[in-house]
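In structure tokens below, several structures.
In what follows, chain A forms one complex with chain B and a second complex with chain C.
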Partner chain A sequence: MMRKTIQKAAVKTALFLLGAVFCAPVLFLLSGSVMSRYELTENLRSLMTDGETLITWSFFPLYPTFEHYGRILFQTPQFFTVFWNSMKIVFCILAGQFVIAVPAAWAFAVYPFRFRKWLFTLYIVLMLMPFQVTMLSSYLVLDGLAIMDTHRAVILPAVFSTFPVFLVYRGFCDLPRGLIEAARIDGAGEWMIFVKLGLPLASGGILSAAVLGFLEYWSLIEQPLAFLEDQSLWPLSLYLPEISLEQVGYSFVASVITLIPAIFVFLSGREYLEQGIVASGLKE
Partner chain B sequence: MQKTGLQRFLKKRPSIWQSKYAFFWFLLPSLAGVTVFVLVPFLDVVRRSFVTAVTQEWTGLRNYQIVFANQAFRLAVKNTVRFTFVCLPLLIGIGLFLSVQLSRLKEMQLIKSMFLFPLAMPAATVVLIWKMLFSRQGFLNGILLKTGFVEDGLLPDYMGTGAAFWVLVFSYIWKNLGYTIVLWLAGIFSVSADLTEAAKVDGATERQCFWRVIFPNLKGSLYTITVLSFLNSFKVFREAYLVAGSYPHESMYLLQHLFNNWFVNLELDKMAAAAVCVGMLLFAAILFLQRLWDHEEHI
Partner chain C sequence: MGIWRKQKKVLTAFGIFLVLMYLCTLISRAVYASKLPQVTVDAPRRMALDHTVEAEGIVHQGREYAVTALTGLRVRTVYANVGDHVEPETLLFDLDLEDLQEKIGDKELEIKKLQLQIAAMEQNKSLDIQKQQMESSRAQEDYSRTEEKSEEALTRAREDLEKAEDAYEDHKEHPVEMTSSEERQTQQKVYDAWVQKETELKEALEDAKKACEAAEETVKRLEAEKKVSSEETDQNITAGDTDISAEAGEPDSAADESEKEDPEWKAAQEAALEAKGRLEAAEAVYDAHLKEKVEKPDYSEEDAEKSAWNSKKESLKDEIESAERAVEDAERAQSDAILEEERKVEDAGMTANADSSLAVGRLELSALQKELAAYKKVQDASGQVYPEAEGIVTRIQVSPGERVGDGAAFVYADLSSPMQFQVSLTKEQKKYVNQGDTVNLALGGSSAEELKVDYVAENEMNPELYDARVFLPDGVGTIGQSGKFRVEAQSEIFSCCIPVNALHIDSNQRSFVYIVSERSGILGTELIAEQVYVKVLDQNGSFAAVEEGVIDQETELILSSTEELEDRDVVRYKE
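Right after this comes the complex of A and B.
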């Protein structure tokens, strides 16, 4: 009995440690962001000059300072441009997805129309295609519409993504059929049924799509890289790596600031995140 | 006399929102977007795979031949396949193992969140940390030096050698372990507690409980996790590109790098042929998995 308790405690500790290791990168970023320029250079000089010695680090900086925060927030307008680019892109995509995907999910869930299964499979396939395969097709359309090198080039294809259709579809599936029939008999039009019955009951799925979507699009790399040439249109996720190693203090601060919205969404939407992950298990 | 609901319903004049074709209007925006942005352009891509890039003359299968003979393409395919076949089992196996351990703990929710955390970290923020860990002067070498696994003077730069592949694997597992665990746990807990209770009453050990009772019911989860992990394995390009650029070390050069470089160099004919190939292959693989899965479901 004693052995079992010790075993259990050992497993628990091991798992906690592993979890902590997984979260450790954030600690690096936080401690780095308040390190003075001098200390950072001392610690990371070897990395910057490709030297022979190892780099060092102290999690509690000797001379903590907010100078980098100050510089980036008050003296670097590019940072704000880039930050709001990211915000704009993400919110436009999420809003667009809401308008496009939610009715589509409703159609799949509630109406047994003729090509339903076939179309659903097509949506699954599209959802699972990596960006690189559809990259050329997207480029051809965007070029044809002459919206290359604008934010619309990134927003529009993402708005029509089939992934949120699934997440919301699961929410709609739980709607009791009888309720819909009763509403119809009472003379409600299909639109009314959708708005009054469907939307409230699928709010969980919609929130899951929002949380997963935010985390995905806040971190977008491939699409802006391919479709946005003008650097003033770049989102935060592309700006960060551009900061050279000499300016590594900025890098840390910019990373921390990039993290904040993502972590906020993660923490407040964790329950929906999990629901969304489970729902994305393609079962019909 | 009271009219029945049915009679009242039949009396109403049909509008588009009341006909049985209402579904069409709900589906239309999504379907239109998908058609315009994906389906129709893909047909053009197929066309382009049969013509030259600039002059658009018909060249038949020549683009396909060029692509298949292309060294970079072969390397990229080899690496991508190798990556997939290494990562997926690792991720799925480790995920399952950890989930089983977690399922018995009270602190399951908290630890689950800790594993999910990497999902919230944008690739761009992590890249700096990876550099600090894996370059020649990095912390990994520091730890190895202290524990005596490497000698001073022989410190490898992980990003610049064959070990770059394993850095990528590590990055992938770090990012995706969280949701794998969520999915496994969902599968484990969907097995009715009565079954495990009954097994325990019959004297089964924890281990037997798992392998005989729970595991057989996890097939559905296994398919889901495999497909999703496969999809996410393509996303590892983000970290790879940010850390090592467009032309990284050989062992890290993936299909995505190749497509990206072709795109930048406007070698659209090769890209079209390759996109058609890879697209068709993935399409077939997904359909095959779907068929397999549906078959399982109906047993």
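Right after this comes the complex of A and C.
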């Protein structure tokens, strides 16, 4: 009995330590955001001078202060500009994907049209391509559409991303064929079947795609950097590197605030995210 | 809908978070905007600049007179003060008579010394003239003598040259007779032919001798052999047969017979005879050739004679050259000697170095006499000094006990001439005031009067200032009276005039303005204050004309700001 208890305690301790390691970056951010400017300068002196020595860090600030929060929240409108830009980009992309990707996945899952498999394979290949491969062609198309240096240049390519199609497709594939046939026999139209049957039953896949999409597009860097020249259109991910080392406290606070929406989305979609990932992992 | 219900708390919190972020956005923008400098702007305009120059000045006397006294005299008493009204009979100051007497004594002594020095210099000058005349006469004599001597030497040298030339010509007229080279060659050929033939005959003679001797030797050998064989035959006969012995009394005949019978001996005998005959013939030919002997040609005497003639000719030629050089030397020596003597004559005739000491002495004497006369004049006036006309004393440069300096001792203003108003102007003011400009002049409490600027010049004491003078009409103004000077002028029309308060000057004294410009940033397009350097063409108290180009009439100039501006500061318009 005693031995079992010790084993249990050891496992718990190991898990706790592992968890602490995973949580360290967040703790680093939180402690840095309330650290005084002097203390930050002392800790990060290596970065500001030669960079040859290692930085030092204290997770418990000597003189905690919320000055950086106050300054970011009440005296830095630039931060809110890029914050709302990020929100706009992410929610427009997710809405667009809901309109485009979900019906596309429904079509792949339900309708046995010609060349379906070939087309789906092409989708998967496109999904696997990194941004660097498609950047030039994307640039040419966006320039041809005269939407460079607008938010549409970032939103439109993401709306037509193949990844959510792939994720949602798995959710729709789980639907029993007999159920759809029964609905048809009962007189339901295709739109009715999609809205009343498909969407509710595959909501786990849709939401997991939304959560993953949010996390991906919230930290989008390469696309805005390539397609947005006007700084007033930048998202948060481009603003953070603009903060100088002398204002490193603001950077910590900005990072913490940037983290908050992602935490909310994660918390709200964690269950479906797990379901969606499990569903897509088990099939095929 | 199930999703929303399940995550209601999280979604509500997220919604609250977004609302808070929105509020913070508004607050931060408000705070940011409240910190921005608020500026008022205006555009440059086209206009002419009005310039008003106002300055304060005072009335000065129109003309001044100076009262002078002899420099160096000691002042005993000064009777007048600055500002005193003086007349021709007003005593200004008097001089110390004892000091004056002392000065007079010194001057007289100096004059005496100078007179003695001048007399000595005149005597020395007379002696110098006599000496120079004597030296000139001697130099002329030396010149004549040297000319004669050198002429004689030159004549002798020329005679020697003529003699040498005659001897040379005479020698050339009597040359040595010489055998021609063709003749010499012919004689040599004849002699060579004889010698060659003699050699050939000699060799033929030797050959004949050798042949004759060889033939005789052959004959002798054959005879010896024959003799030996005949003896052997005799011995055989003696031993055998008496008949034969009887017949032994006839050996020669036997021998002759044997001879007649031996053809070899006979041939040898004939050959010997033939060789002997050829030898004799050769000897006869050789002797005959020797008798016709040709002598070897010899020209040594002739050549020696010719050589001696040539040597003499060369020596005569050398003599001519020597004589020519002697003539040249004599000519050069003559010219050098004459030149030297001419120079001596010139040197002797030259006047002595310019010496102005005598003239200077006379001038000094004259000056001293004048000074003495001036001192005596002052002494006659008992050392008292009076002004020449009526006036007001403006400056006194003497004081009791001190010596009179260079310059005016007293200066007094002439009351009979008109007054003048004098004012100092800055460089900036001077730009708008020129000679002849109309000026409003208000003296004291009186009303302004329009007059002309008569004179503008740089201030002697301060180059940053200028003095302007206005001559006042008769009877206007009193010395020292204050007044206000006012000139109004209008510039040309400038296309780019800005308010003066928009103009700034940096630490390097360069003028600049702030203009409203735009900058793109994270907040979008914002207004900024951009520093632009301008060249000021003209300026008055309200406006400045600047060079068009950098800014124009479309430019928004920042006139004022709620805060101190720096280049590229973000600004906003004042509400």
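We adopt the following convention: the second predicted complex is superposed on the first by the 253 of 284 C-alpha atoms of A that agree within 3 Å, B and C clash if a C-alpha of one lies under 4 Å from a C-alpha of the other, contacts with A are read in each partner's own complex, and residues count from 1 in each chain.
Methods note: a contact is a pair of C-beta atoms (placed from the backbone, for glycine too) under 8 Å apart; a residue touches a chain by one contact, two chains touch by 3 or more.
Since the model is a prediction, treat every value here as computed from it, not as a measurement.
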Chain C versus chain B on the shared chain A, clash or fit after superposition: fit
Contact-wise, after the overlay, does A:A183 reach chain B, chain C, both or neither (first, second, both, neither)? neither
Check the residue A:L30 against both partner chains and state whether it touches chain B (first), chain C (second), both, or neither. neither
Which partner does A:M148 contact after superposing on A: first (chain B), second (chain C), both, neither? neither
Put down the vertex angle at chain A formed with chain B and chain C, C-alpha centres only, nearest 10°. 80
For chain A, which side has the bigger count of touched residues, chain B or chain C? B
Under the stated touch criterion, which partner chain does A:A101 make contact with: chain B (first), chain C (second), both, or neither? first
Kindly classify A:L207 by the partners it touches after superposition: chain B alone (first), chain C alone (second), both, or neither? second
Pick one for A:L199: touches chain B only (first), chain C only (second), both, or neither. neither
Just checking: does A:C173 make contact with chain B only, chain C only, both, or neither of them? Give me first, second, both or neither. neither
Superposed, chain B and chain C have a smallest C-alpha gap in Å of 16
Overlap the chain B and chain C contact sets on chain A and report the shared residues. 239, 265
Quick one: which bits of chain C touch chain A in the complex? Just the residue numbers, please. 2-3, 6-7, 10-11, 13-14, 17-18, 21, 24-25, 27-29, 31-32, 520-525
Hey, which residues of chain B end up touching chain A in the complex? 5-6, 8-9, 12, 15, 17-18, 20, 22-27, 29-31, 33-34, 36-38, 40-42, 44-45, 48, 98, 101-102, 104-105, 107, 110-129, 131-132, 135-139, 141-142, 145, 155, 174, 177-179, 182-183, 186, 220-221, 224, 227-228, 230-231, 234-235, 237-238, 241-242, 255-256, 259-260, 263, 268, 271-272, 275, 278-279, 282-283, 286-287, 290, 297
Which residues of chain A touch chain B in their complex? 8, 11-12, 15-16, 18-20, 22-23, 25-26, 28-29, 44, 46-47, 50-55, 57, 99-101, 103-104, 106-108, 110-111, 113, 119, 121, 123-141, 156-157, 159-160, 162, 165, 184-187, 189-192, 194, 215, 218-219, 221-222, 225-226, 236-241, 248, 251-252, 255-256, 258-259, 262-263, 265-266, 270, 273-274, 277-278, 280-283
Chain C partner contacts - residues on chain A that touch it in the complex: 73-84, 87, 203, 207, 230-232, 234, 239, 242, 257, 260-261, 264-265, 267-269, 271-272
